[in-house]
Amino acid sequence: MQLPDWWQTDPCQRFTLGPREIPGRIWTASGCFGYGLSGHDISSPEFASPYDGIGAVVTKTVTPQPRAGNPMPRLAELPCGALNSIGLQNVGIDHFVSEVLPELERLGVPTIVSLAATRPDEFGEMTRRLHAVAGRYDHWHGVELNLSCPNVAEGGHDFGRSAETVAACVAAARPHLPDRCLLAKLTPNVGEIAPLAHAAVAAGADAIAAINTVIGLEVDLASGQPLLPRRFGGYSGPAILPIALAKVDEIVCEVGAAVVGIGGIATSEDALKFFALGAVAVQVGTAQLRDPFATAEIARELSR
Amino acid sequence: MQLPDWWQTDPCQRFTLGPREIPGRIWTASGCFGYGLSGHDISSPEFASPYDGIGAVVTKTVTPQPRAGNPMPRLAELPCGALNSIGLQNVGIDHFVSEVLPELERLGVPTIVSLAATRPDEFGEMTRRLHAVAGRYDHWHGVELNLSCPNVAEGGHDFGRSAETVAACVAAARPHLPDRCLLAKLTPNVGEIAPLAHAAVAAGADAIAAINTVIGLEVDLASGQPLLPRRFGGYSGPAILPIALAKVDEIVCEVGAAVVGIGGIATSEDALKFFALGAVAVQVGTAQLRDPFATAEIARELSR
Amino acid sequence: MNGGQSGNRLRLTGHVLANTAISSGLIRLDLDLGRPVSFAPGQFAMLNLTGPDSLVFSRPFSILACEETVVSFLYRVVGRGTALLARQEPGCVVTFFGPLGGSFPPPPDDSPVVILAGGVGLPPLYAWWRRYRRGEDRAYFGGRDGADVPWSLLEEGWRVSVDRLTNLPPGAEAWEGLVVDYGRHELTTSDGPRLVLACGPAPLLRAAARWAAEGNWPCLVSVEERMGCGYGVCNGCVVPLLATGDATDAVLPYATCCEEGPVFAAERIDWDAFARTE
Amino acid sequence: MNGGQSGNRLRLTGHVLANTAISSGLIRLDLDLGRPVSFAPGQFAMLNLTGPDSLVFSRPFSILACEETVVSFLYRVVGRGTALLARQEPGCVVTFFGPLGGSFPPPPDDSPVVILAGGVGLPPLYAWWRRYRRGEDRAYFGGRDGADVPWSLLEEGWRVSVDRLTNLPPGAEAWEGLVVDYGRHELTTSDGPRLVLACGPAPLLRAAARWAAEGNWPCLVSVEERMGCGYGVCNGCVVPLLATGDATDAVLPYATCCEEGPVFAAERIDWDAFARTE
């Protein structure tokens, strides 16, 4: 693509986010690149690896205990996007800290750890666990609090819809991240996102990650029943791009916070739209599932 | 299409909604078929007129005073939908009652009048005006309170996001509609729509119309600025179908109210998905702009 | 507004007969609608594709000609919709909804007509010229260069101007400069009133309106706005008008381009508010 | 899980060489990847289209064969993606990401192998049969009727069963009934252990697993799940496993079909929870 004149940033250069330098501005989104370990045996004629040019991998969300996730089917492809209901299947913080984090370090993957919990103090506990081992991990750059997953029964999306809860979770995590960045990932399934963003920033978040998936439902016509066992799922992909842009604009205009834009990015044009509104970085989700080099390709196309 | 077994309804037959019989279940959505007067000189080889099989036309929203609407551009086409920022351009209730309503009656258009205002008492006043002339209008079947337009500065979408306001507007209108049905059209731009639906029904609404457009934004890449003068607009069309289905499901499951489903319907399959979830009728918006026979075609395809 | 509906608006299914470039930038589309259709010069139709290529909004295109069951258009590829349209081969289905909107009126008895057409603004005025032209009327077409001009359509007395005097086919004549300047160069406003009819990009319309105003000539322009429906139901295509003092106008300073237009008296348009991406 | 990765996973751009029906319901796609690729029988690739036809999720297809730079697939049109795929003509671009997942292992020394393939479950076992078959091994293929069977692929000793004994080409032989019943009809579980390899619709896999269990035979099945990514990063494709008592399994009873599968030991699968739209 022909880059517009106003775009003069090199997204593959380090930039400062809170107390940390992050290697670049084009990231993979949580849940869409596993824990960040699955790309090393993948190559293409154009890229040595899917990590080329990627500023950070946001891991699959990790919870205090391992979670089995939801029953199948967990995915529904729609004409302009997808519904998912994975249900935060993950190995739990213990296994993550003992097995996954060392491997990410060994492989040199720039990592943001995504965390979810049902009580603010659990966020404190999990970040404390990370802090305790922080000295060993140069490639671990920060934490993203997932305050917005629609696919879990407790906590999850209802959880992150009140400013008080958002503030409490951020406040619980902040003290354990003296030199790592702290992002709060917010749900778009609210009337106004700005008050939540304001609460997160006031409590110490370095940036807002927006958006998580939009609540959606698909019906199986033959049976007349919802296709996913939990009825609704999280809507992602190109269809939600305009919704994500509106939420990011709301946060930038009303709160002035640093925002990492997420939602519907499939091309470098899509990513540029977030930067045009003032986002400091972006994350690629569903498109990264379709093609392991989607994020790398956007990073390359946006490089000046 | 092959109709599924569970679908045994004839959508072109009269059905009861509150105190009224409505000619059918497939309607045009507010703002997407004007005041309902523009279809009479349109024909096609398959249909005598765009009104064939249509259960009701919901008029463009009418306000206490005429409104000029928003500056251009007012529309943006997106890959899977559209953004609009019309801004409730309309002739005002006076002109509507004196000029438009008689014409709709003369032409025999089954009509639901959409109303918007900035104070509950204005809804009372507008419905009182309609009630005063009700005896003359057999084809006027009811009122839809637009408590959810995102494109006006005062009132509009913030307005309809509190249960108290929704209840007050419905309560103001109800006494003037003894033998006409009363719908409350709600915004999807809230965390939970069920409490609003509950408030509307408790205050006397016969049904909930859901959804209005979703807040969205498009960026013009060359300038890096939002494409619409008011930055955001209302997102409609196929992309919002899963969102609309989720909201309708929420209302049906949690409130048990009669719901008229709206959002992203372009085919008879799309309409069936709302009926599968329990909707009593559906409205076609953006697809009706593309093709004046879109609604008529869906009605015909779903007829048993 | 001018002209008014000529008969019913029809929603038909057309089959592509031909869809081929007739100049470096202009493509002529011939659609067989399976039944005869009539139109007035200046009217347009909403076209769309079917199946997975179908666009959320149909696209407005002025009608170039109708011969029996075949309706013709002239278009330029500018974005997604026109790019998809250009890919349709003979036999492909294109939906047609038209004729829509008002038209350029027949010539007045008392004064000659000056036609100013720029690029894809040609169809309405080509149709007018073929139907109504008289000896004293003048038609000017402006193109980018000699290759961009659809010479085959411009045989009957059209005068051609081009931005750049290059790529002219042998024997063809063209004036270098803007089309309005060509008119201004040949016709003086002191020779008595003329009716100016203009269609093309917004700068052309503005210039035409300004020139006509200088001589106090009446001027009708056909304007383009983004359209959602093409049949007056969405209010997405409004053109800002100057207040006339009339009560309704005062509160609703907008007219729909699709139903009340696309042809407007130039002096009614609020040119300052009429901001188009040009 | 079985077999494991054979070399790197590659994301390549393929050009369609051929995409033609080889039976009434089965289409063979030959893609030129421009470079040689190796695979193990049972591995698959994610395919997608480009431009406006590109699908939100790529689609998994088992690899039928690789000869030099050409990789082949066998598929049936079942929905939007396969319908679009079937429309790709020679020269069209199809993206390829593979080989992915585990594979069916080489034959064990100590027992004969029984292959049960149903419909589009053929590719993994066709590839296995071509690479590893020994005299005592048996291969069964089940199709809908004689026309549905891809006879050209089944020359080397395959036994064919069909649901309906109709449309059989001259000289072709087939048994009427389900493919597992054909095996059961010919082989008795008392003749000593056999390794059963099965791929096809879920009912076939269940029946194969049940039959193998009767004789206490080992059985490997290749299962299908909806996939988001195909490379283990989304957890969208999980297969429910029976708890083994092992600590991790107890909390995470699911294995990814794309990375830990698609080949699983039949006795590890929780068949009750494995509910597929069949």
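Going in written order, the chains are labelled A, B, C and D, and every chain counts its residues from 1.
By our rule, a contact is a pair of C-beta atoms (placed from the backbone, for glycine too) under 8 Å apart; a residue touches a chain by one contact, two chains touch by 3 or more.
Computed from a predicted model, the values in this text were never measured in an experiment.
Common neighbours of subunit A and subunit B under the contact rule above are absent. Compared with subunit A, the chain whose C-alpha mean position is the greatest distance off is C.
Averaging C-alpha coordinates per chain places the centre of subunit A 49 Å away from that of subunit C. Averaged C-alpha coordinates put the centre of subunit C at 58 Å from the centre of subunit D. Inter-chain spacing, taken between the CA centroids of subunit A and subunit D, is 35 Å. Listed for subunit D are no residues, as none touches two or more other chains. Contact of a single residue of subunit B with at least two other chains is seen at positions 78, 80-81, 238.
In terms of inter-chain touching, the protein chains here make up one closed cycle, each touching precisely two others. Here the touching chains pair up as A-B, A-D, B-C, C-D.
Considering their complex, residues 52-53 of subunit C touch subunit D. Residue ranges on subunit C touching subunit B, taken from their complex, read 5, 8-13, 35, 48, 54-58, 95, 97, 225-229, 231-238, 240, 248, 251-254, 259, 273, 275, 277. Residues 4, 6-7, 78-81, 83, 161, 189-191, 214-219, 221-226, 231-232, 235, 238-243, 245-246, 249, 269, 272-273, 276-277 of subunit A are the ones touching subunit B in the complex. Taken in their complex, subunit A has these residues touching subunit D: 31-34, 38-39, 41-45, 60, 65-69, 71-78, 80-82, 84, 86, 89, 91-92, 95, 237-238, 286, 288-293.
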